Structures are given as structure tokens and as C-alpha cells.
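Please go over the structures that come below.
Look at the two complexes coming up: subunit A is in both, with subunit B in one and subunit C in the other.
And then the complex of A and B:
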């Protein structure tokens, strides 16, 4: 038991959690913007996956991780806008559309990979630049907490700014007000002259860019090469985190922390040779428990509020 | 002549024609003009084309043919509400265009957000703008309140403010009084007259003739997409207007003999209901409905009437109390079992609960009886029988359609409602729950549906009538109960001498009867 606890609260676990958290943050922030604008995009998984490969290609071709990152961002925006076009102009069902993006990404990346490298499994044969890692000088010297500031990818630090950006954009700017209005009641927004499609395209573009950054992190920070279907459900987990957090920036981030921890926990347990079947279910088990707790808290709060009234 | 008066009409729509993709001609060569500073009524039956005309003016529908002149100048680029607002036209829709989860101030500035440092929304300024415009037009509203918590009357004020702050000069109000109590309506009229004094022009869409007479200066009457005439309101009578609207004389008063109540068919006994969010909706509801009686339930929407109806008809399950239909408690019965006991339900929202829009008229008619003997055998349904029954009902209820196999969704609202009424009244019911049976239905169909309900009463059925239209409640009911905040606050065993004003006081909670007065024990 001590072994378990020691492993769980070791510096390694903390840094592993933060690495997964970075990925989930990009995903869930992208999802928050989508949900706020009123259109759920389950194609997030596919956008993450495909931009991960695009990042590799860009970074390999230019031998510059910045170029790789920019390629991934542009790609994320493009796919997200195509999704928007299909859903808004051609009135396609958004779930089908998202599924199509996911399948396209899954198959398309393997195809592209085999064209470029002759291999279908990974991109190891085309070496590319990854993003640099940083250690924050003074903060990393703090005992215990220092681990929070030691040796993380550029993308991890960037993700903090992304959270701040999404929070301010949604809460404090006219664009955010419009996105919220369009998501809550498109008719009302359009009746005061807001172009609903325009606002949603903008929201999709921002969300696509963030998802593109997430994809770039996947191959230029989290891992250092592309592997087929490497996202392994992280996009869906981001959507789940977003919804569990009530589609708010802070809520989604907190849920992401929980998911990241659960994810790492199950990895740690596997290394301790517990039953794999049991452990694999852990993140999902956590999800159900948390949803139950959140539901219960909300119920109590409403009850209290009613009594006060 | 100064430039100000260079035009006679602030708005002119000339030779407007609109044909919908399904071939329906909604507007045919309509000429509509409004003078500056008048309140102009636009009246007609449902589906006559009033709303279509205004939607084109507001950029929500494309104009197929015709021209629009504003202040004497031709305008041909109104393609969105944004353009309309730029030209000084604002519209308050029948269904409010508000975002419930945002505050009043946020709703007001939506689309014209004041900025701070060029990037951020300046909420303080938004609040100030709201207060200023509210003060200017003397409309009292709290800028910080979430719109979802506002009353219907306040929401409407907010809608009007939204238009005014955008500097509109022509305000279009689409059936604004449909959701208001008499007192709220009076207040609205006072406000509208005030706007008129300040130089605004108002287009008032309504088919409530009394209101038109009371408020408006001129009236344009539309029937079946064509203008039937433009009059000064004080020069035409209500009868004239309704004849022009319908094309024949309408009996505005429903013929109704005295009621002969018999046994109790439906009894509700200390019914309490708390919804899934923990909010208490119904509190100790007691009443009885007798055979051969029409019992009206009056109340401002959202005071528990909808929930009461859902419970009585078995849609929602209840917590405490009893609902007894023909001496049987319905608590654990399915909707079909309740219907088999003789319950009929004309639901409030016909599109959602009343019909399946893509199915044929015939399918919709037999949807409550397809399993019964005659309609189906052991394995298959019997199409001839279904055709026979639906054809007969289409004839009896004067449903205007090409055949019973036509998808019901392609009918007009009034005809759809007639199908629902036909189905519900033809199942030989002993208790009829009619929830807003004539909402959004034209005068002709309204008259017909009301007469049918009365004849069902005379045939011995008990009718429970819920309506937002006080006139309808007073006209049809033999007895009336009034609901306020989930309780019965008044019971009038004989409602023949009751007035709308009296009823309004109870509906708004300004007056309340004591427990003894609302008791059904004789």
C-alpha cells in the first residue's frame, strides 16, 4: 500500500499528470468554445490526431518546431472551418460530420504517413524538431512544489495562456458575449443583427487553432514522433471534461485535472502489476463518480436556493 | 416644405408579392403604407400573411417582388435584421428574442457592445446605457437581473427597449398582447401612446379587434395575402373589420345554453407537485369537474396550469394527493389506460404533443385508436376503415386539405388544430381537457372549435378549459377557477357575471379568496 501511495505522490506522477493535463487542456478549451457557440464538435479527436501529423511534417520539412506548430494551427483552423461549413451551410448533422472527421483523420494520417515514410505505424524515419523544454529558474528551487516548474515543454506553459485567453475572450469581450448569445439563442442574436454564421465561424476558427496546438504538443512535446491513432480517445475525454465542467473555462480545466490524474493513476497502477482490466476502467469510474457528486451538489444547491426564495 | 415633411408616408411597401418554395402565395400585390407618428394596425386571420409581410420588412424573408420606400426613398437592400435596424425599423416578435441566461444589460447591448480599451466589453457602460434608455422612455427595469427571472411583461419591455436603444423610428409589434394580462396590456398601451407622442411610428399586428379599436389610428386588413382595405379605425366597427378579415359574418359570441351539471367525473384532491428541480409547482389543488359542465382554469402562464394538465392527463406523475377519474385513481395508470377511461386531451402545443408533422392526416387521426377493434386485425392495420373514419372526420370538422393522405405538417395551423380536435372529440370522451384549444387559430376555426366544445358539454361530457385568452374563458366556461403560484386562489361556481378585470385581479395575485370560498363542498 505504501508503495502505491509513494508512487502516486512522487514527482514522476505529478509531472506525468501535468503532461497529460496539457493535452486535455488544449482539447477541453477547444471544446468549451465549440459548446459555448452552440455546436458540439466530436471531430475534435480527429483534429488533434491529424494536426499532430501535420506538425511532424511541417517540423520535419522546415526542420523548425515553430513552423510545425504553425502548420498544425493552420490545419486545425481549416478543418474546423470545413466542419462549420458542412454543419451551417450544408445543414449536415454535426455528430455525423464529427464522426467523418475522426474517420478521415484516422485513415488519412496512416495514408499520408505511408506515402511519406513507407511505414504505416510511426513517423520515426522522418526525424523532426520538437519544442524546447523549460525550467522556470527560481520557482523550480522551491522544495516539493518545485516539481511544478521543472522541465516542461513550451506547450505546457503556453496552455496556461490559452486558458487565460479563453476565459477572458468568453467572459470579457464583445466577441465572447456574441458567442454566448449565439449558443444560447441564435434567433435572438440574429434579431439584433448579429451574423450567427459569422460568429460561429470565428468561434470554430479559434477552437480549431487551439486544437491544432494540442495536436502539435502531442508529437512535439508529449511524444516525439507520430504513431497511428495516437490520440487514443483523448479528444473524447476533452469533450467529456468540458461537459463535466459545465462548459465553463474554469470547470473544464478542473475536470481536465481530474481526468489527467485518473489517467496517470491507471498507468501507475499498471506498472505496479495490478489487474489491467480493473485499472483500465479507472478513469471512467472516476468520471461516473464525479458526475454523481456534481449532480448531487447542484441538486442541493438548487434546493437551498429555492428555500431561500 | 421642410425636409422633415418631404414624404407623406414614413414607410411604404408597394406591390409586394411573396411566394414560398412550396408554391404558397403568402402575399399578393400588397400595398401597405404607414404615416409618421401613427399607430397602424395590421390585422387578418392566422395565415393571412401579416407576419410574412413584416418579416420581409425586417429582412427575415426575401421579397420576391415589390418595392420598399422608407421616408420617401427607395430601399432595396434589407437582407437581414441588421439592415432593417439601420433603416430605423425594429421588431418585437411574438416569441421573445431574448437570451435568458444573460442579464438585462447584456441583452440590451448585444450586437452594439460598448468597449473598454478596444478589446473588452464595458459592462458598466452597458448598465448605464440601459438605465438611460429605460429612464428616457419611463420603462422600469433592473439592468442586473437575469432575463430568465423576468415576468412576461418585463421581457416585453426589454424587447421594446432593445429596439429603442438602436434608434428605431418604426416599431413593429407582433401580437404583443397575446401573453399579457389585462393589467399588463393597459400598461403596454400607455407606453405605446407615449412613444407615439415622442414621434415614433408603431405597427401593431393583432387580430384582437377590441385592442385595435382602443389603441390604433388606422388599420390595414389582410385576407389570404391580399389587402382588403385601409381605414381610419374610428370609422369602422368591429363587425366590419371582422367581416373583412374573415369574408363573412362571424358570431363572436358563442351560442350557449345553460349548463346541466350531473355527476362528478373528475376529482382532484389535495394535489401537490414538486418538479425534478425541487421547485414546488402545485400546492393543495382541490376541485371537481362534473359531467355536462365547462370548467375554465384562468391564470397567467407559468402558475402551474401546464403541470396540472400534464398530471391530469397522465403525462407527468404526481407526488402527493389524488386525481380520480370515474372513481379510479390514475396514479399508476398509463396514458392509454387513462384515455380508455374516457379522457381526451387537446394539448397546448399541437406541433409537439398534438401531431406527428410528417405523418398523414389519417395516421394522425387514428393515432389514439389504431390498436382498437376494427382498425387493426391480429397483425395488420385495416387501411379501408382508417380511410373511412378519417374522411368522415375531415368532412365533419371541415378540415381543408387535398386528401387524408396529405402530410399534416403542410396544413395551416388552424387546420392542424381542427385535426387534433377532431381526433380528441371523436373518441367518445367523458372528460375533455382542452389546453389553449384556439391558440394561434383564426377566427373561423376558433368559432367552430368553441361550438364543438359546447356541443360536447351538452352531450354530457365534462370539459376542463385552460386558456390564456380571458375572453374565451369567460365566453365558454360555466364555472371558473383561477390559479396563482400553484394554488387555486378563486372559484366562481357561476361565472356568467364575472368580468375580465375582476378575473385579472385574482390572476395577478392582487386578490385571493379564503379556503372556504374556494371549497367545492356544498
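And then the complex of A and C:
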């Protein structure tokens, strides 16, 4: 038992959690903006995957990771706006449209990869620049907490600013207010003179840019090459984290932490003689339990509210 | 507006199909040198007076997955293309993709298309091959990577062979133990460190790799500890990398990786934590030599599954009329079906004594002096118990 506790609270576990958390943060922040604006986009997985490849290509062509990152962001915005156009102007079903984006990304990345490199599995034959890793000088000297600031990718630090940005944008800016209004009730919003489509397009663009950053982190920070279908459900997990956190910035971030920790926990447990099948199911088990608890609390609240009425 | 939707949908379908249609020759496959590779290289077709006319032979190779994995499936396709390029056999390679629902239909289509030989892998899908073989008794089939079930199926028209993955993995285990002791050439290893094995899923066929490796470790050093972990599937690169980092941080200096497509991410973990990797299925070290010299150097060697050689050899044997249908054959180190990759990295970094020892044990396995049991013959509980007996306390 001591061994389990020791491993669980070691510096390695913390840094592993933060690495996975970075991935989930970008995804769930993008999802938060989408949900707040009233349209759920399950194409997030596809946006992450395709922008991961675009980042590689940009960074390889220009031999500069900044260019790669910008390409990924632009691509994320473009795909997101196309999604917005299909859903709002052409009135397609948003779930179907998201599915189409996922399939497009899964097949399209392999297609693009084979055109560019002749290989369909991974991008190892086109070496590209990855984002630097650094340690924050003074903060990393703090005894216990120092590990939080030691040797992470640029994208990990950037993700903190993204959270801050999303929080402030939704809570404190006029644009955020409009996005929330449009999300709650588009008809009332338009009756007071808010251009529903314009606001939603803006929201999609921001969400796409954040998802693009997430994709860039995947191939320029977390890994240093693109592998086919490498997202393996991260987009969906981000959407789940967003919904579990009630589509609020803080809630989504907290549930991302929970998911990331559950993932790392299952990895740690596995190397400590625990049953593989049991342990691999752990993150999902945690999800169900938490959803149950949140659902129960909401139910109680609603009941009280109805009694008051 | 409808046109735009139609256009977008058409594009989606096009790209999705683009990933899984039939493909032309891929030249990216680098053949690795294996011990005694000459047995299959020549083909020996013109020894006798009567020439065999290979150009009339029509062979269909069905790939039950996606090409471009730099491993198993690419190796099968490479074997097929070698038949075409060297002997002029009419070869059709069909990439069936990940959707297993179409395999049976594709196999039946191929059986009705009038090929002389149909070749498909039996990993996970052996029942489909055997059922189709039973339904088309006049069509000849070859199934690789599965020994076949000739008791319950009436299939005298099928030739099945299996890779003795445990034999090659045994060698990998011996090599890992010896290399871990040799701090002069492998400075990142520390005495008393455990070894590690990271496998894609906990299932009998894959446990053959794990248990073969463990037996090799136990043979070379009975007191050696081994950490083991399973990713859960062959695609989850994030989980593979996290598990690898976790195992390196627990002290494992050498990881053996029967982990499919995720091996590249394990090599990245090795770079970050200065560990070593023994690859699997194909020669990863040679593959990334130019693009990633650092990762290539840490990948000492790979346990190869020579799907290409065995397909080539069995088609040549069929053409000569030597292939015995109606039975399943295990193919191991002796047949050169599995091997350690003796690539540049292995030859240069591993000292001569260790190379000699590995070679000596290889011969012992070929002679039958060392017997290795298979995980697929045991119950899952026995395998788990065996695996856990290697864990550090």
C-alpha cells in the first residue's frame, strides 16, 4: 500500500497528469465555448486530429514551430467556420455534421500524409520543429510545488492563459454576454438586436482556434510526430469533461483534472500488479460516478426549487 | 445550397475511401537483414531443367487492416510485391481497412474471382478464413499468423502457418538481460534495475510475445524482475507514451514493445527518459535512422515477424507443388519466420560476446534444446500468475 501511495504522489505522477491535462484543457475549453453558444460540436476530435497534422506540415515546410502553430490555429478556425456555416445557414444536424468532420479528418489526414510522405502510418519521414520546453526560473525552486513549473512544453504554460482568456471572455466581456444569451435562447437574443449568427460565428472561430492549439500541442509538444488516428478519443473525452463541469470554464477545468488524474492513476496502478481489465476501466468508472453525483445534486436542487414555487 | 452539401459529403466519402482502397507498390519498406536470410532471398527457381512459369500464377493477398503501419500489414504487402517484381507473379493486394464486417464478403468475392491462391492473415479473424475455405473447397487458401483449426473444419484446401512469436521474444529477453548487465555499452542501465514489457492488449496471441520474453529473461537470469503493462489497444499513442514513461521512471531501463502502431510513441518516451527499447514486428531502428537518429540509437533491435518472407516462400513452394495443404505449421526461428533484426545499430552497439550468446541460444532453440511454452496454450489465470511472479516486491 505504501508503494502505491508513494508512486501516486510522486513528482512523476504530477507531471504525467499535467501533460495529459494540457491536452484535455484545450479540448474542453473549445467545447465550453461551443456549448455556451448553444451548439454542441462533436467534430472536436476531428479538428484536433487534422490540426495536429497541419501543425506538422507547417512546421516542416517552414522549419519553424511558430509557423506550424499558426497554421494549426488557422486550420482550426477554418474547419470550425465551415461547421458553423453548415449548421446555421444550411440547417444541417450538428451531430451529423460533427461526425462528418471526424470522418473527414480521419480519412483526410491519412490521404494527405500518403500524398506528402508516401506513408500512411506516421509522419516520421518529415522531421519538423517542435515547441521548446522550459522551466520557469524562480518558481521551480519552490520545494514541493517546484515540479509544477519544471520542464513543460510551451503549450502547457499557454493553456493556463487559454483558461484565463476563456473565463474572462465568457464572464466579463460584452461578447461573452452575447454568446451566453445566444446559447440560452437565440430568439430572445435576436429580439433585443443581437445578431445570432454573427455571435455564433465568432464563438466558433475562437473555439476552433483553441482546438487548433490543442492539435498543435499533440504533435509539437506531447509527441514529435503525427500518427494515424492519434487522438484516440481525446476530443470526446474533452466534450465529456466540459459537460461534466456543467459547461463552465472552472467546472470543465476541474473535471479535466479529474479525467487526467484518473488516466494517470490507471497507468500507475497497472504497473503495481493490479488487474489490467479492472484498471483500464477506471477512468470510465470515475466518469459514471461523478456524473451520477452531479445529476443527483442537480435533481435535488430542482426539487427544492419546485417546492418553493 | 444542396450542391454544397452534396459536394462536402462527396469529399468526405472520397477521403475516407482514399485511406482504404487498393494501393500500388510501396517502396518505403526497408528489408532488414536477418540471420541466414539467404534461405529465401534467391527463390531458387531455376535450379532444375523445367522452368516454372510464374507469370500465369494469380495470387490475391487480402490485408485485414490499413497499410502504412510500418509493420505487420506492410510486411505482407512487401512479400506480395516481391513475388511480382522478382518472379512476375500476378499479384493483387486488397486493403480491406478496419471495418471487419466486410472481410467475409471480400474473401468470398476473391474466392469467386478465380485466383490460384488467396492469402489472408488469421490474426483474430481465423474463423472467417476457415469458413470461406470450407465453402469453396476447390479454391486454395493460405492463412498466415494462425495455426488453423483442422479438427472442427473440413479444410483440406487450406495451408495455415503460425509465427512462433515466443521464440523471437525469448531472444529479446536474453538480449535485454545481457545488455542491462553491460553498463559500459549501455550507460543508461543501472545494476539491479528491472526490465519492462509493454504490450498492446491482454489477449492470448499477444501474450505469446510477453511470456516468451519473460521465459527468455528467466533463462538468462532467474532473479531478474520485469514490469509489465498493457495499453488496451494498438492506437492509443497517448496512453502508450504515458505507460512507457511510468515504467522508465520506476527504473525499467529496457522495454520490449509488442505494441503495434504505438511503438513510435514509446521510442519518444525512451528519448525523454534515456531508456532503451526493443522494438517489435518491423525494424523500427532502421526505419527512423535518418529522421530521428537519437531514437534510432536507443532502439537496440527489433523482434521481427517476417510476414513477407513467409508469404514469398510459401507461394514459391506452392508453384513447385511442394506446399502441403490441409495442415497448420508453426514457423519459428528455424524457418526464419521470426528473428531479431541484426541491423547496424545492433551490430555496432551490442558487444560481440552478447551477440555470440544470443546466436548460441538461437541455435539451441532451433535444435529444440530449449523448449518454450506458448501463452495461447495456457489459461489467462496461469499467464497472469506467471507474469506477476516477475514483478518486484
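Just so we're on the same page, the second predicted complex is superposed on the first by the 293 of 309 C-alpha atoms of A that agree within 3 Å, B and C clash if a C-alpha of one lies under 4 Å from a C-alpha of the other, contacts with A are read in each partner's own complex, and residues count from 1 in each chain.
Throughout what follows, contacts are C-beta pairs under 8 Å (C-beta built on N, C-alpha and C of every residue); 3 or more make two chains touch, one makes a residue touch a chain.
Bear in mind that the values here come from a model prediction, so they are computed numbers and not experimental data.
Student: When the two structures are laid over each other on subunit A, do subunit B and subunit C clash or fit?
Tutor: fit
Student: Does subunit A have more residues touched by subunit B or by subunit C?
Tutor: Looking at subunit B versus subunit C, the one contacting more residues of subunit A is C.
Student: Using the superposition on chain A described above, determine whether A:108 touches subunit B (first), subunit C (second), both, or neither.
Tutor: Only subunit C; A:108 stays clear of subunit B.
Student: With both complexes superposed on chain A, which partner does A:224 reach: first (subunit B), second (subunit C), both or neither?
Tutor: second
Student: Taking CA centres after the superposition, what's the angle at subunit A between the directions to subunit B and subunit C, given in steps of 10 degrees?
Tutor: Value: 130 degrees, nearest 10.
Student: Is A:125 touching anything from subunit B or subunit C once the two structures are fitted on A? First, second, both or neither.
Tutor: second
Student: Quick check on the superposed pair: does A:285 touch subunit B, subunit C, both, or neither? Answer first, second, both or neither.
Tutor: Touch status of A:285: no partner.
Student: Applying the document's definition of touch, where does A:177 land relative to subunit B and subunit C: first, second, both, or neither?
Tutor: first
Student: Touching A:90, do we find subunit B (first), subunit C (second), both, or neither?
Tutor: In the superposition, A:90 contacts subunit C only.
Student: Pick out the closest CA atoms of subunit B and subunit C after fitting on chain A and give their distance in Å.
Tutor: Closest C-alpha pair between subunit B and subunit C: 18 Å.
Student: For subunit C, which residues are in contact with subunit A within the complex?
Tutor: 1, 4-5, 8-9, 11-12, 15-20, 26-28, 66-70, 74, 202, 227-230, 232-233, 235-239, 241-243, 245-247, 249-250, 261-262, 264-265, 268, 287-288, 291-292, 384, 388, 391
Student: In the complex of these two chains, what residues of subunit B are touching subunit A?
Tutor: Going by the criterion above, the answer is residues 80-82, 85, 91, 93, 96-102, 106-107, 109-113, 115, 119-121, 162, 166, 277-280.
Student: Considering only the defined contacts, which subunit A positions touch subunit B in the complex?
Tutor: 168, 172-174, 176-178, 180-181, 184-185, 187-195, 299, 302-303, 306
Student: What does subunit A use to touch subunit C in their complex?
Tutor: Going by the criterion above, the answer is residues 7, 10, 12, 16, 19-20, 23, 82, 86, 89-90, 92, 100, 103-104, 106-108, 110-111, 113-114, 118-122, 124-127, 222-225, 227-230, 232-234, 263-264, 267-268, 270-271, 273, 275-277, 280.
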